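Here come two complexes built around subunit A, the first alongside subunit B, the second alongside subunit C.
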Partner chain A sequence: MRVVVSKFESGAVLNVDGRIDAVTAPQFRDQLMTLIDSGYTRIIIDCALLAYISSAGLRVLYEAANKLEPHQGRMAICRANADVRRVLEMVDIASEIPIFATQEEAIQGLRYLG
Partner chain B sequence: MRLRKKRYRVCGISDDEIMAEELTIELKNALSEVEALQRMLAEFGERHHLLENIVFDVTLALEEVLTNIISYAFDDDGEHKIRIRLSLDEGVLTAEVEDDGRPFDPLRVPAPELSSPLEKRPVGGLGIHLIRGLMDELEYRRVRGRNVLRLKKKAKVS
Partner chain C sequence: MFTSFKSKLLTLIVGILLTASVAFMIMTSRAVERETLKAAEKTTQDELNLVMLAIANEYQSLSYHREYALSRYKEQVKNLVAVVMYRLEARRELALRGLITEKEAKQTALDSLKPIRYGHNDYFFAVDYQTLRSISHPDPAIMGTDMTNFQDIKGKYVVREQQRVVREHGEGYVSHWHIRLGEAQPREKLTYVRLFKPWGWIVGTGIYIDDIESETQRKLQHILEQLRQDFARITIGESGYLFLFDGSGRLLIHPSVAAGYATRSSEPVTGSGQLQAMMNAAKTPDVPYRYTWNHPRDPHNYRYAKQAYVRYFQPLDWYVGASVYLDELRAPARAIVKQQAFLTTIVFLLALALSWLLVSRMAKPLNRLAAYTQQLAERDFSNSEAVASALDLLAASCRDEVGRLARIFASMIRALQDYIGKLTETTAARERIESELRVAHDIQMGMLPKVLAERPEFDIYATVQPAREVGGDFYDFFFVDENHICLAVGDVSGKGVPASLFMAVSKTLVRLTTTLIRAFTAEGTPPDEVLRRVNAELVRENDQCMFVTIFLSILQLDTGEAQYANAGHNPPFLMSTDGTVRALDELRAPPVGVKANASYGKRVLRLLPGDMLFLYTDGITEAENSAGMFFSEDRLRQCLASDDRRSSRLCAQRVLDEVATFRDRCPQNDDMTLLVFQYRRNASRRPEPRTGETVA
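Let's turn to the complex of A and B:
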């Protein structure tokens, strides 16, 4: 798994390439929490290159959303492929973290929510 | 990881279709084995021309089963073997997972309250919820001091 971070306004986009599983989730968690700790309150997880996510990865997403909440922070997910989307829908993650088709829509969505 | 293969030949069908293959993998109780499991399923899927989303679903369900066993089944820190047997028969992929941990029926774990606030949700339960959603049939047995979980998935071929 590889994460490339790009910045926008008060936010960060994490492009996740590869698989978030029980082995790689701790590394994904470190990168995500480091960004939140350094003050980013708008986080977009861009899943265009994400091939797979298991419950270990879902738990990291939930934890990050929880951590952002007291700071009026927001998270969004975009560009998930059909398999990853199916998993996200199975746990109804959208009730906590909105899912968007494109990165632009996610940025717009976070602006509107915030 | 150790591999054992068995192939059964049936007469009268073309060479590709006659293989009803059974594949047994032995994994240790270490999270790093998840990668070996993924490779194994990818190869199994390719060999049997399984659709990618079927391979995805079975890989995910088995990762959840494996990490549950590694996290909760053993009272000691010693090494344990977890055996996974894969077979494909009449369009149904069956995975049987066997461990020598304490008796644990994952099917009796209550479903997580997905609608309740995040902080009130139990940390566990997500994996089992996924396993239930991904597979068509689940069956747990305790056999001679071992947990045996059988998972079935209708496997369309590409």
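Let's turn to the complex of A and C:
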């Protein structure tokens, strides 16, 4: 797994390349939490290159969402492929973290929601 | 041979020393030999030049002497003849004065001339100028004869020549060959003749030139004798010498060959004429001529290599040679090499001894180091502290690389000791944990129901295969009451001990909540309500964000009606007897433990006899092969479609076999759980439509 972070306004976009599974989830968690700790309250997980996410990965997403909540922060997910989208929908993650088709929509969505 | 550091180092030192000494000796000996040869050649040439100079000098004095002697003789005979002339004049004077007759005068003159002898029986003669008749001669055979046709042995008309000389010059010298008085051999004679005009007489006397020649020869012999003495004094090198021979091949001076013709005139190796070769060599006086010859100490063996320079003295037809023995020229170089070899050997032995000491001193601590290390291994590290202290002492006593090595060894041994200690502890701890995990595994497996009372209405089979000793998957089935059975499959996020703890809590809560709701509620047991309550309980104090996905179904056995709810779990499959397979994926809800106040929808479906419910966790669909591919829902679906619906156990087994085949040798990376339920209610009952509908 490889994560490339790009910034926008008060937010950060994490482009995740590869798989988030039990092995890579701790690394993904570290990067995500570091961003939140350093004050980013708008976070978009761009899943265009994400091949797979396991329950360990979902747990990181939930944890991040929980952590952002007291800071009026929001997360969004975009460009997930069919396999990833199926897993995300299975656990109804959209009720916690909104899912968008494109990055622009995600940024727009976060601005609206925030 | 070179198994020890010591022998390698010593061999190296010996090799370097030997190579250096040999190279040095060869170079020195060559240089010395070259220089010695050059010096010897120069000496030889110088000696030769001096000798040549001396010879030239002697010769010059000899030729001067000869000229002088000849002119003295000439003067002498001229004076003597002048005296005779005076006598004749005196006689003629007497006759003119008339004291005696002219005839008496002539006669007494001739008579007085006849007996005069001087020198070596030399005499005077007289010839009539007109008739060339001998009028006075001591030889009776000549006396009174006509000398006109007298020839010497070389055919010269001697008297005619005398006549011509006096006619032209009045006096003069004529040389001819003549047999001396009392001798048989003709000798070269120089005759002085003068005309006594009044009487027409030619008066003369002769001297034999060979008197002068013999004197010259005597002087030459003297010169040779002088040279012989000189040559005998001069040695070139140790026993090189000078020699002299003439153009006819006569050895005149040679230390080992008596004067005379060379006893061995051919060069013994090439067979060519030795002296001839030397004569040729004289044409190039600066190029040494090499040959083999005898040695004054060993005159019969002609096997000594020599070189000679030869000079030619043309006026005497003499060849002077200076020869040296090559061995002797090389001797100084050999002596130096010998001396050097001796010195080198001493230095070599000293260096060897020193290196031996040094190398031994270097090797000693290394050997001690090796011995200590061996002790360590032999005693299984039990004496490691003792060895480490010994190595510390060694390190303190050696301040070089070996000391550093010893220090590093000591610290390594201590580190190893620590490591062994820690390893022992860790191993013990791990063994404890492993045994605890084994117990935990047994406990966890014990929590999962194995059998249910045999009922004709259904056939149930469930299994869980944790990826580690303990896992986060669970299944459950139990009778809620006589007519209702509860089926549940859950999957806790993560794996191992944390997941297993959460799993134990979740499973317990699900069963307890279901049972309690059944006990306190009149209208059945809605599965979504069970999940809502379990979630409410688990979501509290869940800082770790652990969550569990749960599929829960409560099934009425007499009707086959199944209510189900899903908290983010993989949708189960409904396998109909006609072979169709349908995923129960209408419901979407977050997993239990994530979201406070989460609500879960509920669905109902009616099972027909023979229908099967296939509940599973993602360990099945996400089983990976070596190519990184997942087993996937599609494969699972195909597998289920081809199932013959005869037995829950066979169906489960079949799926597990397929997964194992697919995964091949890849390790299992997630817990795998299956629960297969087949509804088998009495088929006599009328089937009812089974389209599910949302109740809540």
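To be clear about the criterion, the second predicted complex is superposed on the first by the 114 of 114 C-alpha atoms of A that agree within 3 Å, B and C clash if a C-alpha of one lies under 4 Å from a C-alpha of the other, contacts with A are read in each partner's own complex, and residues count from 1 in each chain.
Everything that follows uses one rule, which is that a residue touches a chain if its C-beta (ideal position, glycine included) is under 8 Å from a C-beta of that chain, and two chains touch if they have at least 3 such contacts.
Predicted model, so just to flag it, every value in this text is computed and none were measured.
Once the two complexes are overlaid on the shared chain, A:Ser54 sits against subunit B and subunit C alike.
With both structures placed on the common chain, the touch criterion links A:Val4 to neither subunit B nor subunit C. Contact with subunit B, but none with subunit C, is seen for A:Ala82 once the two complexes are overlaid on the shared chain.
Residues 21-22, 52, 54-56, 58-59, 62, 66, 90-92, 95-96 of subunit A touch subunit B in one complex and subunit C in the other. Contact residues on subunit B toward subunit A in their complex (touch as defined above): 31-32, 34-35, 38, 52-53, 56, 59-60, 63-64, 66-67, 112, 114-115, 118-119, 121, 123, 126-127, 129-130, 133-134.
Of all the residues in subunit A, the ones that touch subunit B in their complex are 19, 21-23, 52, 54-56, 58-59, 62, 65-66, 82-83, 86-87, 90-92, 95-96.
Contact residues on subunit C toward subunit A in their complex (touch as defined above): 491-495, 544-547, 549, 568-571, 588-591, 594-595, 598, 618, 622, 630, 669-670. Across the complex, subunit C is touched by residues 21-22, 52, 54-56, 58-59, 62-63, 66, 89-93, 95-96 of subunit A.
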